[in-house]
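The same chain A turns up in both complexes below, where it pairs with chain B and then with chain C.
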Partner chain A sequence: MINKDHAKLPDKRPEQARRRLEAIGKIHNLPLPLLKEGLSTAIDSDRIPKELHNKSYHQTTTHLITNESEATAKPFDEANEQERALIKRHRYSLIDPHKDRLIALQQAASDNGILITIPPRTKLEKPINILSEYDTNGFTHILIIARNGSEATITRNIKERRGGDETGLICEAVEIIAEEHARITYNEAQDVSRRTAWYSQKKARAGPRAEVRWYSHVTGGSLTKQDTTTLLEGKDAKSASLATMLLAGEQHENSTTNAHHAAANTTTRMHAKAIIGGSARMLHRGLIDISEESPGAEGYQQGDALLTGTEAEADIIPQLEIKNADVACSHGATVGNIEEEDLFYLQSRGLDEERARDVIAEAFLISITAHAEEDEQWKEEILSIIKAQRGTT
Partner chain B sequence: MTDKLIIKNLHVKAEDKELLKGVNLEVAQGEIVALMGPNGSGKTTLANAVMGRPGYTITKGSITYRGKDLEGLPPDERARLGLFLSFQHPAEIPGLRVDDFLRELRERKKGKKQGIAAFRSYVKSLMDKLDIDQGFLERYLNQGFSGGEKKRMEILQMALLEPSMAILDETDSGLDIDALKAVAAGVEALRSPTVGTLIITHYKRILDYLKPDKVAVLIDGRIVREGGPELVDKLEAEGYAWAGKQ
Partner chain C sequence: MTDDIAIDRTKYDQASEERLTYKASPGITEELVRRISQRKDEPAWMLDLRLKSLKRYQEKPLPTWGPSLKGLELDKIHYYLQPDAKKNSTRWEDVPEDIKQTFEQLGIPEAERRALAGTGAQYESEMIYHKLKEELKKQGVIFLDMDVALKEQEALVKEHFNKCVPYNDHKFAMLHYATWSGGTFIHVPKGVKAEQPLQAYFRMNAERGGQFEHTLIIIEEGAEASYIEGCSAPRYDTSSLHAGCVELFVKKGAQLRYSSVENWSGNTYNLNTKRAIVDEDGIIEWVSGNLGSGTTMLYPTSILKGNRSKAEHLSISFAAEGQHQDTGAKAYHLGKNTSSTITAKSISKTGGTVTYRGVVKVNKGSTNARSNVECDSLMIGNNSVSNTIPLIDVKDKTAKVGHEARVGRIGEEQLFYLQSRGLDEEAAIKMIVSGFIEPITKELPLEYAMELNKLIELEMEGTIG
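Now for the complex of A and B:
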């Protein structure tokens, strides 16, 4: 059964608004997110609106949720008493709301969000789809609690209705708690305005034998700042973080992907692939951190950027921190241009240069699915996200 | 005006090195011409120059096809004129599915959309003829293909594109006997009075299947000999040292 939930999330309660404004006032003591950590690629932090308190953060965000009936996916303000207790307990249980100014703003300015709970041993056949549409600046918190032995895919599309020249700010937080033997796949396609700074903090905790899989596709934003972290806390827990970026014009993107291994036989796979056109810039950092408590851990990370713009820049910095001898890890990074040989090959078959470049770029992104081969459904989801957004640049 | 491929006193330079030093060669429609020559003599360079590979500059002479001077034309426009090059080392494109790619080629060739079902049955019949497993349709273009599989994929693309002038750069190298027969059958199927073929090869074997009308020998960037099929036997017996002598 399909349950469509049209949730408008304006918060009109005046006392709450005042409380928020007060909180926002205090936030300015916190530092802005760290952006200039690249080797040579400089990400422009001025793209984060400085006068945060002067912005209007009235919530005019719509979340259209389509999901199967076994799972609960609902806006925070529609939560029942039991669910409110869950939200209270788990919200910001993984993400530190004082980490920087934006996440603090996120916490202060918004009590909106979506709670998704997957009951024990429930396996959802179809993904829960969420279309998040922002009218202007906005905040969203997604809290996913996957109980023992449950399995679900959440696929989120993030869009912005606003056009025009005004710069905007969107802050998001995603927290996933995957209990024992749960398996959560979180796919996200971000296509907000090219004038908007998009800031996203994502963090998951994987219990014993649990698996957390992230996929993110970024095409929008003047500045994208995204941090994705998985805490592998249970024995045999697994994580996968796949990311694709299709940047053009003057877009800047700064992302980090982190996996912290804190239990035996935990595994991580990370792969990011980016097409960088125009004078866009990307700075990507991956970190696999393996503690002493993780014998038998395995980590793989790779980052590849294809520069298609004459002034495009990319830095990819893979990092391993291993405090245990009994592990297997590999990492690598490539930054390059379209191979003249590939271009000539396709052109010789009748594709004009522009089309040949597009085909090569799309193929480059699509080959991320090599890491989802074992799961046809995930692979198809990733493919459809890449193909749906290819026309937008 | 003639429909021939005419290479006239062609001098080609790459990275400041003169690789072709005055090549003269003609391939007429309906004709099969074999081009032989030792490693590094410039055979692939010639094929690249005809197809318009960037980095290979014509410093003197010309290449014309169907009365048109090809200099400055991008490779895709040469393809549209009817030229096709089967690569000695085809590129691998991970992420590009063979079926999607072939359908796009066919659509470009035909100038209209191809229904998925109709296209599938069409391409499957071609694959049967070339003895290519249909599982290849779901794979990424040339990724992880064996040498022989890549060559068959080249011939499949040739069959789809129906060129009027095909250059096969060592398409027969590394093929087992069955694959060689399949490739020869593919070329034969395309053969018509309006199609010309230039076969670059090191071996007599393929020329037993596809009788050349003319054989040319390229050594050090120059055509040193031209003759009939009997030249192949002579080369086999005497080697290139003989061909190079005046």
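Now for the complex of A and C:
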């Protein structure tokens, strides 16, 4: 039950409590997230548990952090005074907590989060790994601050421990601040229960010459709603948003990736690839927005869907909004199915049909690594995520 | 080189003196709608449809998506204007001198002299000049003003009118069905192949005028035809409205090419609805050029109803300062083994906004659908905006749909190459632009290709410095 008492429960800090109270007051006036665009396939918003306030939000979420570097990666409630000031300054500095009902709920109910700070000019050799395990419902905030000239990779696995039939709700927020010349790679693999609605807001700000790279792999969730946004605010900033999705059964997925170019010579690469089986549905929108202040910008956007289920549906809206003529932008989208010829070829090499379909599907997802060719470590991370999750389904 | 292609924009922008026998007071009322119907001596079912549409129109709010329609003062538009000329003359000499001059300036009789199969011209709300080549007449091709068709071919009209674009489709379709006047009616009988294109020209002259022509084309089984229309309006300080409607029926194994060059003046709101229903093995081809007009919302739509039906869309949109061209194409795949190809090119110049808004939809059970969409945008100068909003919605796993788009500016290398061959920068840019639009111009009859090229050249003038 989420109420005023709940605000006091998890931690006793007055600042936190005040914020919660404010958020709780506003939740019910805010709209649910938008899951439909124009004439597109309807994504079922009934899958968001209706009576948000009647649910139990005493979560037992555990975050297992593996960090062998000089960077800081710790839960908010273990932060020292200096770190608390950082959290206060940057938490929800990019994401608007009043955007919709779920992000407001996330703000109101999240009891803890993880702060990662990479000191100036520090290049981490090994990734920081986080295993987030949820029970039924959960709310998490990840705040990453990469100081000038630093470099780091964060790889996160999201799982759910419980079984059973109860419908759950997980809301997450990820904010990344990449200062001048910093480079942050954030990888995420989501494999929660197929009865849980998973909602994730991700937003990054890239300063001059900074680079932000996102990779997300989704296999779980009855409903997945994911928005990934990069603000390219510094000159020569770069971003990459890669996503793979493996949907089956009756899963619904709605995701958007956005890049807002607000400075000169900024570049964006976006690519989403989805395999959609059973009667699963996907609605994906990509947006590259190039402002008047960003001459010399370059953008690339691609969305591909492979429909393998007879009742599967896909909607792709690759959108460009360009307000500067000094630009080179392209986008593309494809929707198709497994080619009979490819199947025949593999079967003629001795694979049975099922195995042949698997090989083709895996190759389809793995080809996303073409965007990570120049970085062996990132490529390996992506490959291991796809392979690990393919193994479990 | 620029000399022989220089044209005078004033010939489009200049208004002729108003000589009307009937000019409705601004705004739309039930009385006006009854009056239009009465003047046209229409059958009761048409009046019923008009009134039904008016009612829905008055209840329906303005669309909330797309470009702003704020400047559109719907209460100040004259919804019906009847020029002082004999309707549907078949002799060019009968057309009053000033109207004739306008059309001559626009090149209509020239076009006919080049032996286009038939020509119709609409001035304000009525069709005033109409001619169809003898041979086609003998083959049974009907090419009429829509008002006349309603009298002479009532059964055919009733069977198809309002069946492709329903009156309650959207706010401006409702307005159109309440106030429609004139337009083109074409019926090509079974198996007849009209080799030369039929054409019509629409011109809005009066200030704060509204033009709501209705075009209905029926191509019967195995028949073939090509129709082309041009549109223009003079420039006033107040806004005018064009809300036409085009319904195309392409029957089994038939083929239709529908081409249009729309060049309304800079303060026209061009809110047009164009749609085709294509039966088995039928082919629809759209060739469109959208220049002029302040705000355009136009998305030609192909409904691929029959198995193995095909659609091809080819378009160019051009927006200069203060213009918003919100155009695109839609293809709905309903039959089996259907295919659509959409090629959309756009140019946005200093302060202009172009938006490509498209839909490709494949229904469940529409097996083996194929669709390919290509958008290509060229941006020139500062403050220009280019948006691309395609929606791909696939509900059948046997479909193959692809979309590709590029946005960029004129390449330095291309410019340098042409300049090194002795062209100045402006001439070089013009040459690159005409190369960019060539895939469209080469599909148009010569005069229209020339007109399109000249108009774009004219718009490009003064791009440098």
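By definition in this document, the second predicted complex is superposed on the first by the 362 of 393 C-alpha atoms of A that agree within 3 Å, B and C clash if a C-alpha of one lies under 4 Å from a C-alpha of the other, contacts with A are read in each partner's own complex, and residues count from 1 in each chain.
We take it that contacts are C-beta pairs under 8 Å (C-beta built on N, C-alpha and C of every residue); 3 or more make two chains touch, one makes a residue touch a chain.
Just so it is clear, the model here is predicted, and its values are computed rather than measured.
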item: Partner chain(s) touched by A:A305 [first = chain B, second = chain C, both, neither]; value: second
item: Chain B versus chain C as contact partner of A:E133, first or second or both or neither; value: neither
item: Contacts of A:A333 with chain B and chain C, given as first, second, both or neither; value: second
item: Partner with the higher number of touched chain A residues, chain C or chain B; value: C
item: First (chain B), second (chain C), both or neither touched by A:A325; value: second
item: Which superposed partner A:E250 touches (first chain B, second chain C, both, neither); value: neither
item: Which of chain B and chain C A:E293 touches, first, second, both or neither; value: neither
item: Partner chain(s) touched by A:D315 [first = chain B, second = chain C, both, neither]; value: second
item: Residues of chain A defined as touching chain B within the complex; value: 339-342, 344-353, 356, 359-360, 362-367, 369-370
item: List of chain C residues in touch with chain A within their complex; value: 65, 348, 359, 361, 364, 377, 379-409
item: Touching residues (chain side chain A, partner chain C) in the complex; value: 37-41, 292, 305, 307-337
item: In the complex with chain A, residue positions of chain B that touch it; value: 51-55, 74-76, 78-80, 84-85, 87, 90-91, 93-96, 101, 104-105, 108-109, 140-141, 157, 161
